[in-house]
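Input: structures, listed below.
The same subunit A turns up in both complexes below, where it pairs with subunit B and then with subunit C.
And now, the complex of A and B:
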């Protein structure tokens, strides 16, 4: 994404070493190796779900790597009068920290932010992935699901990191339980309503708690007091992940660093969803950078991409289940052992 | 609002169980973040800020440089999920610009900018969570980030908020308390005992000011101790790492990381 300052000769050097019979990368990885991915969920206590993800942190010195923080926040929207949609809606936003792109001007940063937001929004907010439990009261109230991602540091492969972080945050999201409530005006007050309409005498004997307006089958909801924070999003197994293939025909490489990204401008982003017990779905595809590609080559890239995405998906899935366990069962056990 | 929450109960405890002058937990993480020259993540109670420092370096815009000293450029971003109610603030939000300007003016007399003419020091403040005392957390984290970046400072800057509930002063307010009681933020330089920032947006009786101000200055010293420990720990770790590197390299071909691990 961000073009790091790489000289022509360095670019050439990186390309040549990648195109040799036994390809070489600066950090010793093979072409299809990912850097270490670190993930923690539940990092923002005020959000309904959150995750922090790092790709490529230097083991002992503790610095470096692409760092993304994603959080999901739910908001109640009115479908009738507000801009809510029946069944709820999903909105994504990506903020890039100026410290991640310190060489960019603020205008360029805005453009980059917008670009990443569009990629995330178009893929994640698609109808096919929409969770079914965002409705509070059908036709009246619905949840607005906001996903906010912050890119704190970028050392390459930011799109994959964004999708993984978003998936983890969505996985972690708990939708508060709601119970619909209906206000019914007593029969007597309905009678007085008729009367007041006729006589225009508003102050006539109703109680202090005036429900005349609500009497037209008004419905609201309440949040029952319950021991957990709510239920998980339906279909959370389906949230997509992205693999970015950096294309240098005839080879491609995964998880490119900044310098590699700068030397290989052509990229193919593939977003896959792996619903349980059904074949994988290609949710989105995006080619960025200059150049042209053979159709047969793109097809082979998609087949390969699916394989990589599957591996990445299962690794992420097992980590997310482990995090679930850590945050729920283990935390509860620890708490009960303290008491 | 004020009728529902008891700021200070009869037993002398506040809504989160603290005593009047008790500060919240401070956790300081000085590990490197990304490509920044210096960074600090400070968690103060439930308020969490991350500050990264770049520089002194050549300014992106040459026209903004000064011929005799460095320019402090503070940019602040508030995560939309940092508050109870989601709110996306743009970079040009007035409130954010004001805070950034306050941080810049707090540090202008402390950073030895005259050593770096025609250059720029970029300070990026990220607010990840907020629960009161936001400005002090930002200032403290900025001090630590500048220290880790090796920018010459005259002294630490330690900030704290103080408020007055009827006649009893309180230190280190949460959002709940900030909404309710008159409060001010004080930033002190603990060694030279100078004050670089006093700001107040609410009204406070003039007779209460002196007591609160002195109390806040004293609390600044306590926070200074905490910050000093964090910086010292990191420096010791760095010095040990340097030792290990030179000795381990001379002796034999040990992996440097292994040697480092033994020494710490």
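And now, the complex of A and C:
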């Protein structure tokens, strides 16, 4: 998305070396190699779920790479009087840190933020991916799931990073458990009328806060356990990831750096979802940049894109499970071994 | 509880008021259910297109398109001098979309919002490879699209690209080919072309394809919703076949415009 300042001769140089019989990239990778991806979940303790993803950080140089931080925050919304929708709703936003895009004016930065937000929102907030446990009280209160991603540094391939970080943050999200509650005034006034007939042994100890079977009429809710983080967000196997193919017919590249993106402006974003034991599903396709394609080429890109996405997905899956293990089981073991 | 307008001297009405909810049974019968065929047209039929070029005299080129309940007017100003001081070797194509406040079921605020820009970005993506911008350095072509009635965003993007392409031709701007656009939706097992807003709500995924039928190339693909990759490819093939027909409609409208003036 961000255009680095690249001269025509450099652009030509990059394109020519990619179109030779044995394509060459500036950092020596093959056309389909990704740079190193680093992921950590649980980085924002106040958020319901969070993740930080970095593509292409060079350890020796101490920094660099495309750095994205994604966090999920749940808010309670009123369905009747507020903006809430019965069943909950999902809202995504992407903020681009001005330090990452110092060469862009604030208008251009706003437009870039908006475009990235729209890609994320239209894909993730689609009704086919809507999680089923966002209702608190049916018809009255529901959760609003806010996914906010911040691009801290951009060194190419920011859309892939955003989707991977969003998926990791959603995987990590825990929805607090709630219980509907209703207050009913105790029937003390009626007891005084019947006092000649009834004795005082009737259980007048029934509290107004009787929480049994209240779901139909309840207007409020409580958290049964304040310290419980909650249950995982439903449908987390279906969140999609994105693979961006930079198109230079007849070849294509994965994970382009900034100069490669400036030289090859035509890009195809493919968002795939791999639910378990079902064939893969395409959640979104976006094409950006000037260039004409023919249908056969687009079809081959989709087929190849599916393969790359599957590899990316399984690598992300195994890392997420490893992260779960590190933060839960291993942390508990470490704590118990201290005593 | 006591609002600012609580008046002790008068009998106050209720604090909040709600619209009555109409539960009509007949709507339930006519509403589409999975397994039923499409209402009103065949699965691969598009809505009839009315396209007229040259309606706005003040603009360099203009077009008005109407397909049942989607009505879009497009005006092209340009090529005119770029306001920016930066030297642009190639011309710039600037698309602005505005939804009239009365265009949707719920009144839209006249301020430009997010949805306007996302439609504009897709229309620009469809047109940018077709216009010969390298012949227009330091210039900008402004395309202003006004949506008068909106029946589904996919319909807006597709019809908007068609209208913009006709308007650009009407303005005499050199292009590699006319851009035509078609949308498709996957409903159950079938593929329906040119879905309306209601049809899009019952679909599992939608796709918009834009391209130049004269050259057989594609300039924009937009897909949303859950679709198997094979279904997406079938949708693209169906759209490509159909937009060749739409190209004939655009050419006919432009020819009529030239013959009458």
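By our rule, the second predicted complex is superposed on the first by the 302 of 339 C-alpha atoms of A that agree within 3 Å, B and C clash if a C-alpha of one lies under 4 Å from a C-alpha of the other, contacts with A are read in each partner's own complex, and residues count from 1 in each chain.
Everything below uses one rule, namely that a residue touches a chain if its C-beta (ideal position, glycine included) is under 8 Å from a C-beta of that chain, and two chains touch if they have at least 3 such contacts.
Source: prediction; values computed, not measured.
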Consider subunit A as the common anchor and indicate whether subunit B and subunit C clash or fit when overlaid. fit
For A:122, is the partner it touches subunit B (first), subunit C (second), both, or none of the two (neither)? second
Taking the superposition on A as described, I'd like to know which of subunit B and subunit C A:153 touches: first, second, both or neither. first
Under the stated touch criterion, which partner chain does A:304 make contact with: subunit B (first), subunit C (second), both, or neither? neither
Applying the touch criterion given at the start, work out whether A:45 contacts subunit B, subunit C, both or neither, answering first, second, both or neither. first
Is A:317 in contact with subunit B, with subunit C, with both, or with neither (first, second, both, neither)? neither
Of the two partner chains, subunit B (first) and subunit C (second), which one does A:105 touch, if any: first, second, both, or neither? first
So if I take every C-alpha atom in subunit B and every one in subunit C after superposing, what is the smallest distance between them in Å? 13
Please output the residues of subunit A touching subunit B within their complex, sorted ascending. 44-47, 50, 59-65, 67, 69, 71-73, 75, 93, 95, 97-100, 102-103, 105-106, 146, 148, 150, 152-155
Parts of subunit B lying in touch with subunit A, wherever the complex brings them together: 31-36, 46, 50, 52, 54, 60, 75, 77, 79-84, 86, 88, 91, 122, 124, 126, 128-129, 257, 260-261
Which residues of subunit C touch subunit A once you look at their complex with the stated criterion? 16, 114, 117-118, 121, 125, 128-129, 204-205, 207, 211-212, 215-229, 232-233, 236-237, 240
Touching subunit C in the complex: which residues of subunit A? 81, 111, 114-115, 117-118, 122-123, 126, 128-129, 268, 273, 279-288, 290-295, 298-299, 302-303, 306
